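Inspection log for the structure reproduced underneath, given as structure tokens.
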């Protein structure tokens, strides 16, 4: 990891020095254990702040439309997939960004590790490769990393950058293609059980909109949920309103969601938001043979019409 | 303990179209309960929350004078959900009202001095209330010279036209109505409010200015008033912010540590100069 | 002060004795996360926890609350207030920071000029038993905001963990009444010594990081300037920090028509949302994340001093641990407090 961090600093430094970019968007050390935090580097003297580790989970591409000037961005597989879609949807101009691609072997879920550590004060973390030895206040636990990668990382089939200008490190072996077995398994459950699962999850939602705001593809200037004339969705935390929000959001992301899991990572009450988005992705894959975020020239299936498009979703009443 | 969220039931007496574009209507309301009528006392510049059940609440400055105890006027510009519902009301319909809210114009300070009233467009409503209040026979002698400058974008957008004509006839008030752009039939003044204000000759020592209007009018009027020699303490502005509760709790109308709903909406310029420019 | 002692193993039993008389909110574990929620039985309660994900403010300002209502076919003259008599409400196991947040909320909602009846209705029915913090977390900063891990401000009873027992500090009359009801034993001197050791040990672990009065001056003089933009560039403008903050209390009021009824409800809102201050004309005095985050900080550490002579923050650290981009409020404050020059503009 230190090698990668050093290489990132080196490449980012060059870009800033040569004036090829005005800002580097990357990660710096977080303020609490097991964290890293997005940072914006504009000054060569700050280059040393840049780091790379297994806590760099945020999808940085969401900052691309916000930052001014020419941008260098440190991007793992999912960040580059989002960039592909953002370019396709004309939210980001390819020539305005320099992508520093970094392969990613999965990001660790701080919240679940903290639960494992009973939220005790952490004073020491020893990285043993596949294990973390965490010590602290009445605390001494060994955490198997494999159990604590984010769910999205566990099924990620594009851990290497799909597009980049500078490549850092070595290409890593991809995990097997995502067959959406989780979606199939879930689909096989009786509808009452599925409904109970989804509503149980959604009932925890407090409508802080962190899922939406952390999503690189949720860039609408005015989200349907905020519109008042007409008001599409009720503003309460009653199940019908909350569920409407999540369902409508997932449908709006159908064929656009790049499955980075940023929504789920941001959720303070750990709602399984991906459940809905995964179903949409599986449907898009099955109906249109399409996977998002891979090819800048391939149009999104729901934004184009083809005479032989699948019509399975049209209800035959 | 009084429930400050409970609206007073009011009856619509009239819903009159004010402007040619039909976008502003003046609602005249009366009290459904005598007790509410007796206890409702306000000063010009205060506002209320009007509500149509099912649509919600919105704040409106009281546009009528407190000398009329039976009726309250509100000029409503149709922009959103609540205002559209208010526009659709017919005489006899009911609405909810919470208030009076806010501080109102500084009546004590204004007494025994000259008053310069400067309004622009839709912002004139509470100034109309104030003007009618001080022009009332019972009150007029408590104020010295009164000048009113009122501007709108075009003649069709002028509010309270009948009253303007009445004021025009009076010798105890100097009225200057102006439009940015007049038509062929317009015989009055043409020019933006700050320009008209500049032309006034006023004894600034004993004058207080009340200003309410669109941001651009305020922006250009304030330097004119300063140039005329008015100190920041002599200039009062009525501000508008998004509001919900109207009682300093819901947290959205603050400018610095001041809440427009409870500390305002009327502030003098000296007070505003101490606050951040976040309005 | 009056002190009592209670066996830890007896807590469940005592809570069960109270459950018919009180609605009890306590920390429970639900789907892996610790939440304050209503309990049905004393054994749901967990006592070995750092702090809950949500704040106990829900006991006095629920996220959703009906203020008034009427039937669809009725008009404003038939409006009904929703001010039912509250059952006695017990908040058990609140942390001292959270208990202290109630003092702050009282200043806002129990203001002489504009008293909020809905808040007071719940607040008057509320008794707070807090549990002192023997293990402050790295995200905690209560001492910086004027509290401490064993502050009794806002609590009716304060429990101090001395091993197998809790020492109970009886703070208010409400607390005394509860203690009498439970018929608890008095303490011995050696137990009180143990308590002092626990308290001092914990206090030593969490030193104040700055002087609030100085911080206020520094913030007041830094309202303008690009530091805000730089410090908050990563902010997502989501509502986590405000929704889970024990002192944030901003709300929206809307009308809902459902099931033949029209209800005027109030529900949490957040100064971090763009629509919070957006006027119908489209003008927004706080148009970007910079102004909105600045509002949150200025409100808590400057405006609240002007209006309530108390910080609008109790240092619970929820916004620190839950922020999806690790925008740490302590770092922002520190930047303005002393190391302003370190921010490269």
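Note that the chains are named A, B and C in the order they appear, and that numbering of residues resets to 1 at the start of each chain.
Basically, a contact is a pair of C-beta atoms (placed from the backbone, for glycine too) under 8 Å apart; a residue touches a chain by one contact, two chains touch by 3 or more.
Treat the numbers as computed from the prediction; the structure is a model and nothing was measured.
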So which chain is the furthest away from subunit A, centre to centre on CA atoms? B
Compute per-chain Cα centres, compare each with the mean of all protein Cα atoms, and return the closest chain. C
Centre distance in Å when subunit A and subunit B are each reduced to the mean of their C-alpha atoms: 50
Whole-angstrom distance, CA centroid of subunit B to CA centroid of subunit C, is 39
Whole-Å separation of chain centres (CA-atom averages), subunit A against subunit C: 31
If I count partner chains per residue in subunit C, which residues reach a count of at least 2? 252, 254
Give me the residues of subunit B that touch two or more other chains. 80
Using the touch definition from the top, which residues of subunit A touch two or more other chains? none
Of all residues in subunit B, those that touch subunit A in their complex: 80-81
Given the complex with subunit B, which residues does subunit A contribute to the contact? 228-229, 231
Show which residues of subunit C lie in contact with subunit B when the two form their complex. 67-68, 70, 75-77, 79, 81, 83, 108-109, 111, 113-118, 120, 223-224, 249-255, 257, 262, 264, 266, 269, 271, 276-281, 283, 285-286, 291, 295, 298-299, 302-303, 306-307
For the complex, which residues does subunit A have touching subunit C? 30-33, 35-40, 42-43, 45-46, 58, 62-63, 66-67, 112, 114-115, 118-122, 137-138, 204, 206-210, 212-214, 226, 234-238, 265-266, 268-270
What residues on subunit C touch subunit A, complex-wise? 31-34, 48-51, 53-54, 63-64, 135-139, 230, 233-234, 236-240, 242-244, 252, 254, 256, 265, 267-268, 270, 273-275, 320-322, 324-328, 330-331, 344
